[in-house]
Amino acid sequence: MKPLLKVSGLNAWYGESHILHGVDMTVGEGEMVTLLGRNGVGKTTTLRAIMGIVRERKGEITFAGEDLIRVPLHRVAHRGIGFVPEERGIFSTLSVYENLLLPPAVAEGGMTIDEIFELFPNLHERRNSQGTKLSGGEQQMLAIARILRTGVRMMLLDEPTEGLAPVIVQRIGEVLKKLKERGMTVLLVEQNFRFASKVADRFYLMDHGKVAGEFPVSELSARMDMLHDVLGV
Amino acid sequence: MVLSARGLRRDFGGFTAVKDVDLDVHHARVHALIGPNGAGKTTVFNLLTKFLQPTDGTITLLGEDITNTAPDKVARMGLVRSFQISAVFPHLTVLDNVRVALQRPNGLATQFWKPLSALDTLNGKAEQLIRAVGLEKERNAVAADLSYGRKRVLEIATTLALDPKVLLLDEPMAGMGHEDVGMVAEIIREVARERAVLMVEHNLSVVATLCHHVTVLQRGEILAEGDYATVSEDPRVRTAYMGTEEA
Amino acid sequence: MMTMIFGIPLQAFLGQLLIGLINGSFYALLSLGLAIIFGLLRVINFAHGAQYMLGAFVAWLLLAHFGIGYWPALILAPLLVGLLGAAIERTMLRRLYSLDPLYGLLFTFGLALTVEGTFRYLYGASGQPYATPALLTGGANLGFMFLPVYRGWAIVFSLTVCIGTWLVIEKTKLGSYLRAATENPVLVQSFGINVPFLLTLTYGLGAALAALAGVLAAPIYQVSPLMGSNIIIVVFAVVVVGGMGSIMGAIVTGYLLGVAEGLTKVFYPEASNIVIFVIMAIVLLLRPAGLFGRDA
Amino acid sequence: DASDGKVKIGILNDQSGVYADFGGKSSYEAALMAVEDYGGKVLGVPVEVVTADHQNKPDIASNIARQWYDTEQVDSIMELTTSSVALAVQAISKEKKKIDIVTGAATTELTGKQCSPYGFHWAYDTHSLAVGTGGALVKQGGDSWFFLTADYAFGYSLEENTGNYVKENGGKVVGAVRHPLATTDFSSFLLQAQSSGAKVIGLANAGLDTSNAIKQAAEFGIVQGGQRLAALLFTLAEVHGLGLDAAQGLTLTEGFYWNRDAESAKFGKRFMERTGKMPNMVHAGTYSAVTQYLKAIEKAGSDDADAVAKELHAMPVNDVFAQNGTVAPNGRMIHDMYLLEVKKPDESKEPWDYFKVLATIPGKEAFIDPAQSGCDLVKS
Amino acid sequence: MTLTLELQKQKERTPVVAQTVFLGLGLALLLLAPLFFYPVFLMKILCFALFACAFNLLLGYTGLLSFGHAAFFGGAAYFTAHAVKEWGVPPELGILVGVFGAALLGAVIGFFAIRRQGIYFAMITLALAQMFYFFCLQAEFTHGEDGIQSVPRGHLLGFLDLSQSSNMYYFVLAVFVIGIAIIWRIINSPFGMILKSIRENETRAISLGYSVRNYKLAAFVMSAALTGLAGGLKALVFQFATLTDVGWQMSGEVILMTLLGGIGTLIGPLFGAALVVTLQNYLATSEFPVTIITGVVFMICVLLFRRGIVGEFYNSRLGRRLGFEHRHKH
């Protein structure tokens, strides 16, 4: 498989605290990769560093063969990457509908509004209310939905199932599978192990700001012991 | 029965988020409030703690009608909540976060004439709470620097510091690693021996093992009630909330 | 017999109502700019009064030194002041966004002092005359009052500008980018939107609106370095009453309070500059978020 | 003789605020001019002028005044625009036994209850403005008045004084409206004044308020409609700022007009060369005060405050500003005031040629009878 | 709203010795200062310093930016001046009148203002203070633009003649030190801790059972009362009370002083006040227009030295070594 995203030797800092100590990973075109790790090991930071939201970083990040390090933040999305943050980032001054329409489409082939509403009927029902008046789970749906519209090639999802009802988690699983059929690439950070095991092709395990291990989904059961050690699953 | 609500209702503009909800929370029991996203769980919490004023209905806490009481008063009466999106004092250390919570119950909140060292009497209790949630390494770290999961744990510690009679926990395990989930579950179980706990949680295995009683909310109305086994058998609950998965 | 309203002749009453509206036009135009800058940048632009003054002064300078008259000045002065605003945003104000909003307030406060001080130093305090453009001199007898043509123009023009600006901000994509960017600029940038540029644009626009009000005011009020600091506090009150950040709120409240003030000038003139603050206090008691504020 | 080998005069006023044009740096120039004209020396010692900007803050003024007196051997302080400053500095001067001569402030308190044996009030006061404009204008036919009054003590006293003179001279006051300080829009008040049908609209306010009221009166065609505007505190400097287009027909009172006679014109032109503008009564008054102060030192043969004050009280004032002026026991310098009308643009023959002199108000009429002033230095 | 004010956080093991030495040195300097500087000038600095410190109690430790503190300062000056001059009360009582008046005024303004947060709060205090300004402009007892003049300083406790400027200076210094001590105690008290936490996260504080409004109002009234102390003192020092002290420009000036000295540092405002007062005095006799310089200083401070003089010092290497660590958060 052709690598779409390639990260090597990525270091990142928040002010004086050094969080990432040389992260290496690749994500192939059309692949769905999950990043596992305990709280605070730097999963979110990895995604933010790839996006360029964390600017204090060193190392190499290439996307579709192009260097991303020097690209200004507002041009990164136009290369075809979408980011769904952990804290969701719904805008209170915009209605649900405006929130949905906010990110500009960066390429052809995104979902239409109708498809999105079909996928998340709650959003349709509450489309005129203020974005942050949605329930926690609804906000999560909105955060994912708004990226689906833009036609990106790759999504970075930070704990997309947090706080979601099991039915919705299932539905998101299905959505991800559908997206994968369409050729979407996903890098996922997840605590919900069961969910991750259903959608991911491959896992990276993070520890102390580094990648501590890597394995395909087929080896999952064999690796359970190790996971137990590192994650306490 | 320590906390009960009758005919609770809340409208937002034309939208009814909570409709005719009756709820009874009992001493020494863990009561789960579950339901699909947007069902109105957090809103019920907000109504019970009086962060929102109900459009209709009454709330009774420990035999007193609190339908028109201010939220801080409700907290002082012994009903304390945690928040779905974590709420800590970001620039205070972990220790100070817990001490602030301890100040009022220990009568050390309004003394502007006493030195800060007066608060040192709270250290013992604070350390104990910090140890209980496994934050002793981060004791002197500033809360803002904690990772998300650790912040949630800290929030539970501050909530416990108030020694509340009724605890309302809004998704206490969300965003926590597996290890912490186990630990927090254990804490809740421990706490509930002498208190009433009402919690919102999407992690069904936690609900299954921890909760004595489950109320399922859907579109602001109660869909089903009972112990976990009964509720999870209910086909309406399965389609509306649980999906086909097993806990 | 004359019809009386509250003990004064209907005719006089109508006259005062109209006067109030004229006043309100300036409040609306100024509070609009203030609300935009606040709503989108979370900056309380204390320099708004200075930018208003600059608008008037630029118009006067254009006339005095280059013989450029009112009509070109109506475009040129806001443009120049807007560019100046944009430059200030680019080089200085932008460093403050990540901080508590009060630093923005303090910075613009300093900016206002500097600009006003400079003009006072250069041109003295008593002001400069600016004549009404030939096309708009004279007046019309409306029966109940003598309305100077220029004042009529001021109402019509400011109303047009206000509504136009409101449409752009509330009803276009640009507006929603701007609103989102105030809440979480980094995230909006990560969606692929050039937020820094947008913010510069916004501040420039806000400053230009203030300057536009300044040009509009030049033929009516003495063009003086102090003209801005006198009006700014009242305009702040207007914005608070309207609901901070609410653009429609700022416009409507501007006109409403203009009229309220105008009527007070008839019934109880001594209170006419406190009336806005009194209304503010009442509104805040009953509706803490302001008349058109979003959150309660 | 001079105590410390020099005579030092301090000019303390607002040089950066609202009154910067009214007096400002030009007052300092006027003082320098007076010293130069006097020959730069008195009693054989050099005369020095220092200046400071009190920024309209009495505490700053008070600090500077004390420091000048205590550590910088300043012998007298003059100008003192703004009444709170003037009163504060006069109190300090009294305590320190130093001379102060006020030309910039208007309040009659300076020579009333808060008078000082070392304090002098030179150029004008609220009373003289009221008499000038109120009394004299009635004689010219302006016998019914409507006031636009700034809603604070200064405005009231102007209105009250003027109203009294209007009535004394057989006129009547048909109404008044009180506007808040720093009003920008006067149209509402002007409409009320217009519909009152009064012949004269008296503006009992100051500074930018007056300017804006006049400008808007022109816009509403008040003067064309046959009513007269009378500004109660307005000087050449403000008329210049307003321009003749807006100010034409306005009536006002000043203690000095540069184009009144040949001597004043000569002074005006010299002043203009130095400062770029023509002097108003504050500038000319300061020139006069400095000159008279130096003459008094000469006469007393010493710069000792008691001796100088005695001479100041005794000597008549005769210079470009005042003719046959006298100084009353309460410190009031009594001189003629002038009722002036602003010319139409086509009547003005040269730059700064703004006024027609309508009448001369004799000093005795213009100023409060010292015995009635409330000053306890006046023996009845 | 997350506040990003610089807030001071002292380390666990504060080298108490170094700080005590500093404190002692500072006090000694203040005691000896009249030998080197002009006493009225020093007294003015102390009055404004106390004003700024009281203001900082609200801004630096509660996170509330009041843009109307001039009302308390100037108001108290009027109250004290009136009490001393018209009622003939002794100076100490006159100052108390000022303090109580300011506290009362603070309670009224605070009642309205604390309903809102952040910049709304700033705007409301500004507007209400403006109303008070207009009141002072028109009220009989303030004597309009003349002000209350020639206020006697009287005898402290009946025997110490305050018209002597050295007596007055030490009286002012004593009041200043007491005022600062009160502020220090409030900040470093259980109550102060709650204020800090309210500033950090108001909703959480409510859910912990703190009646946030009462705490804020209490802090507001305390700050107003201490501001009143400074205002009353100033009226006695200068022997007058005028409109300049109630105008909104004065509210702006005190912010400048606090900002210059260091928001959220106990003694920063003292330095800020000293600098501003000196600057104003110096510029009064220079060619430079005061407002321009003040404005530029304001801008530079906000852009480059947000921690203020004292804050920057605390944060410098020397300051850190002495144990004045100053946390800087965004």
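By letter and in written order, the chains are A, B, C, D and E; residue numbering begins at 1 in each of them.
Going forward, a contact is a pair of C-beta atoms (placed from the backbone, for glycine too) under 8 Å apart; a residue touches a chain by one contact, two chains touch by 3 or more.
Everything quoted here is computed from the prediction, not taken from an experiment.
A.B. asks: Treat each pair of touching chains as one step and give the shortest count from chain A to chain D.
C.D. replies: Minimal hop count between chain A and chain D: 2.
A.B. asks: Looking at C-alpha means, what's the farthest chain from chain E?
C.D. replies: A
A.B. asks: Counting C-beta pairs in contact, which comes out ahead: C-D or D-E?
C.D. replies: Between C-D and D-E, contacts are more numerous in C-D.
A.B. asks: Could you grab the centroid distance between chain A and chain C? Build each centroid from C-alpha atoms only and quote it in angstrom.
C.D. replies: 44
A.B. asks: Quick one: report the Å distance separating chain A from chain B, using the average Cα coordinate of each chain.
C.D. replies: 29
A.B. asks: As a quick test, compute the distance in whole Å between the mean CA positions of chain B and chain E.
C.D. replies: Centres of chain B and chain E (C-alpha means) sit 42 Å apart.
A.B. asks: For chain C versus chain E, what separation do you get between their C-alpha means, in angstrom?
C.D. replies: 32
A.B. asks: Please set out, as single numbers or ranges, the residues of chain D touching at least two other chains.
C.D. replies: Each of 16, 151, 180 in chain D touches at least two other chains.
A.B. asks: For chain B, write out the residues touching at least two other chains, lowest number first.
C.D. replies: In chain B, no residue touches at least two other chains, as defined above.
A.B. asks: Would you please write down the residue numbers of chain C that are in contact with two or more other chains?
C.D. replies: Within chain C, residues 117, 120-121, 270, 273-274 contact more than one other chain.
A.B. asks: Just spell out which pairs of chains touch, all of them.
C.D. replies: Pairs satisfying the touch definition: A-B, A-C, B-E, C-D, C-E, D-E.
A.B. asks: Going by the contact rule set out above, which residues of chain A touch chain B in the complex?
C.D. replies: Those residues of chain A that touch chain B are 17, 38-40, 44, 86-87, 122, 126, 129, 133-138, 140-141, 159, 162-171, 191, 193-194, 231-233.
A.B. asks: Any idea which chain A residues touch chain C in the complex?
C.D. replies: Those in contact with chain C are residues 51-53, 73-78, 82-83, 85, 89, 91-94, 98-99, 101-104, 106, 130, 150.
A.B. asks: Across the complex, what residues on chain E touch chain C?
C.D. replies: 1, 3-5, 63, 65, 112, 115-116, 118-120, 122-124, 126-128, 130-131, 134, 138, 248, 252, 255, 259, 289-299, 301-303, 306, 330
A.B. asks: Of all residues in chain E, which touch chain B in the complex?
C.D. replies: Spelled out, the residues of chain E in touch with chain B are 2, 7, 9, 12, 185-186, 188-194, 196-197, 200-201, 203-212, 218, 222, 327, 329.
A.B. asks: Can you list the chain B residues touching chain E in their complex?
C.D. replies: Going by the criterion above, the answer is residues 49, 51, 70-73, 75-76, 80-81, 83, 87-92, 96, 99-101, 103-105, 108-116, 118-119, 140, 142, 144, 158, 162.
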